[in-house]
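Sharing a structure with you now.
Naming follows writing order (A, B and C), and every chain is counted from residue 1.
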Amino acid sequence: METAEQIRDRLLARFPGAEISVVTNPGAAAQHSLLLGHAHARAIAEFLRDDAPLKLDQCSNVTGIDWPEKKIVETTKVTVPDPAGGPAKVVEQKSERVQPGYLEVVYHLYSIAFRHGPVILRLRTGNRTDQVTVPSLTPVWRACEFQEREVFDLYGVKFEGHPDLRRILMWDTFKDHPMRKDYVEPDDYEWEPTPHGAVLEKAKAHYPTPPAAAIAPAAAPTPATGGAKS
Amino acid sequence: MSDAAQNSSPPVTITDEERAELRRQGILLTSLQELYTWGCSNSVWPLNFGLACCAIEMIAASMARFDIARFGSEVFRPSPRQADLLIVSGTVTKKMAPQVIRLWNQMPEPKYCIAMGACAISGGPFKQGYNVLKGIDRFIPVDIYIPGCPPRPEALLHGLLELQKKIKGFKISGPNAPRHLRDDQECNCPVPEFGEHDLQPPQNPKVWTAPTIVRSEKA
Amino acid sequence: MSISDLSPLGAQGGSHVRAVHDEFHGDLLEVSMGPHHPSTHGVFRMIVTLDGETIVKLKPVFGYLHRNHEKLGENTSYLGSMPYTDRLDYLCSMTNNWAYAIAVEKLAGQPVPERAEYVRVILAEITRLLNHTCLAGFLMQDLGCSGTPLMYAFREREKILDLFESLSGSRMMCNYQRFGGCRVDPSADWLEGAKQLTDGYGQFLDEFEALLTGNEIIMARTQGTGVLSPELAVAAGVTGPMLRATGVNYDLRKTDAYGVYPRFDFRVPLGAHGDVYDRYMVRVLEMRESIKILQQALAGIPAGPIMDPKAKLRGFRPKAGEAYGRIEGPKGEIGFYLVSDGSPNPYRYRVRAPSFINLTILEDMCLGQTVADAVIILGSVDIVLGEVDR
């Protein structure tokens, strides 16, 4: 089967002006993927499905990934000349930048006719709050129908052109999108019959207030108990 | 029978050994209470209701090797109206909880509940899930808890035997009578609504409150 | 008073009265089947719209067993998710383990010793026997053969579970496979037991088939029921015996050639009509092929280590990257998609559950059938709710 780069080049020749880029996978699996712009996504998907050498007739897996805003601290080494005339010093400068968050939908495509794959497509939303629309690929592969509903339910990605976009796993009046990284679950850990560390931690908020003597050591700052692992 | 009449009747002087001896001679001496609990305990009909993994072991318990019919409970009823025993066999999710409670309310008294497996008891391995109810006893009264993930069919049979023992110990009158024989106890449980983030209310305070935890913090 | 006096159209009103009558017959009835229902497929709900007894619309409702498998997977270590995979499709814990192990091995580039590959094939094929036998029993239960076929199926299941228990310590939740091998080495006694089971299974299948396969009532109920076309099956991502019953030759054991499957001689049974009967028959024939694979694997299992000596389980931190690994489970393609950011927990942990995706076309198969057929069509899809809702 063609590599992701070859597919991208062929797609660019067929759809001039389309936004297509290869996302490399640094891991051992080396399953590289194609990141598509919204405008041509459905046309490209139809092309991949019907294309003679590829014929990706099965969309095996559709899933969402949440990439929240991330602060990236970059350390650069800058050579600063010594004003006194001595040898130049190397100073580390730290710069912070905020990588904007987005939601991503990943499609794994296989060909039953030619028995090859996977070709991986990615669609990204503009951000995580108001621009959460991506084009739906359900009209191209019927297999996306329930899986895109699941991504909508758990991540809050809106699929434009989906015939029946409703919640699928949670109830209809549910408001949150629980698979997002910043989801806060309802606090009902009043009682813990399991010695599970994380559960115990959550249950502690419900313990009765200890006597005054016991409060004093607890009030002291406890460095890096919860913050480091969260 | 009024209380006065009950008090004036002569005290029972026959011992259990004598009664057993009489039974061996073909004379059955019994009380209404004994007859009632004997009948109840040996014909506990479960509801044919499976939730998750434990349901497969529940089916296995009714099959040839384990044969729950030996204990009078092989009649799995599809309708809650005909069932005595709700075996909560598996994870109760928040989406499923109102349905489980509705089934419980539809069962006629006397009814019993077995929480089968870690999930039904406390949420088990899935306790940290956002959609998992942390124990069915937050909403309905549970008679027997069977730990395990999933419990073996033998464990279910043991749970059933314990339930039978419990039923045999019931008093049919007086303050210790089970709830369906008393006027002051509610048999139905309120069904929670689906809220925006959680079930409303998240538990039934009449059957469950968080136990007070006394824990000495480690130094 | 004549009927024409009642009609607003006066003397020509006869036709109008008939129209009212037609409207009465045109009324549709909406039935909510589930989540508590007498069939044996867990808490699945269908909202069925009926015209008389014929289904005109069917909407499946999911989520009654949504226990947040994927969220929990993101909060535990890679190894910590292994016991959870047992509880996905709780009839086939061994194949779930294998699919997850394959995905992690792809992610980390972890090799597997040969003996472990053989043990995995043996366990996966025994699991296939277990799953298909139970499914046939459940399907017959749905058809109304109350008890008997299921009793036969569960008799065999107990024999298989004894094997699993003696190997892994648990009847259902085996938690047996590891990244880079398997947890314990099967003893010679165990392999002998597996051989005995394999040799006796053909006889059981003969007995089972004598009861069921040629049965007139079963043929009348299942042939031509719930027909699925191969085009729709491929478009909807249907995999496993469901897909092969429509005649599409697609078996991951052949196409992906994972593990040591290329060394074994077996055929892929295909259906011709895509109806419930074909799905049943494909599974029965697959069991016969599984027996062939088992006999070859048990005869050729080499000695050697069961775990790769360099494999790391505790404190396992694969490099950043992602991988999608899949195998042919008894229900279809079970896949795991893992995204690693270099930390001990997966950043994204996704299960591609075959029975969830096989349900996509449930409505298409049920339209025009009677409501009693919907139950057996659902039974023939072979769903396990732990996997559908995850």
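Simple rule for what comes next: contacts are C-beta pairs under 8 Å (C-beta built on N, C-alpha and C of every residue); 3 or more make two chains touch, one makes a residue touch a chain.
All of these numbers come straight from a predicted model, not from anything done at the bench.
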item	value
Graph class of chain-chain contacts, one of line, ring, star, complete, other	complete
Innermost chain, where centres are averages of C-alpha coordinates	C
Between B-C and A-B, the pair with more C-beta contacts	B-C
Cα-centroid distance, subunit A relative to subunit C, in whole angstrom	29
Cα-centroid distance, subunit A relative to subunit B, in whole angstrom	45
Centre distance in Å when subunit B and subunit C are each reduced to the mean of their C-alpha atoms	33
Residue numbers of subunit B (touch at least two other chains)	95, 128, 130-131
Subunit C: positions in contact with at least two other chains	63, 66, 68, 71, 75, 389
Multi-partner residues of subunit A (each touching 2 or more other chains)	169-171, 178, 198
Sites on subunit B touched by subunit C in the complex	48-53, 55-57, 59-60, 63-65, 78, 80, 90-91, 93, 95-96, 99, 103, 119, 125-126, 128-132, 149-150, 152
Residue ranges of subunit B in contact with subunit A within the complex	95, 121-122, 124, 127-128, 130-131, 134, 194-198, 202-203, 210-213, 215, 217
In the complex, subunit C residues that touch subunit B	35-38, 40, 42-43, 63-69, 71-72, 75, 83-84, 87, 90-91, 150-151, 154-155, 157-158, 171-173, 385-386, 389
List of subunit C residues in touch with subunit A within their complex	62-63, 66, 68, 70-71, 75, 106-109, 232, 234-239, 248, 250, 255, 318-326, 333, 335, 337, 339-340, 347-348, 350, 352, 356-357, 359-361, 389
Touching residues on subunit A, where the partner in the complex is subunit C	25-29, 31, 57-61, 63, 65, 106, 108, 112, 115, 118, 120, 141-143, 145-147, 154, 167-171, 178-179, 198
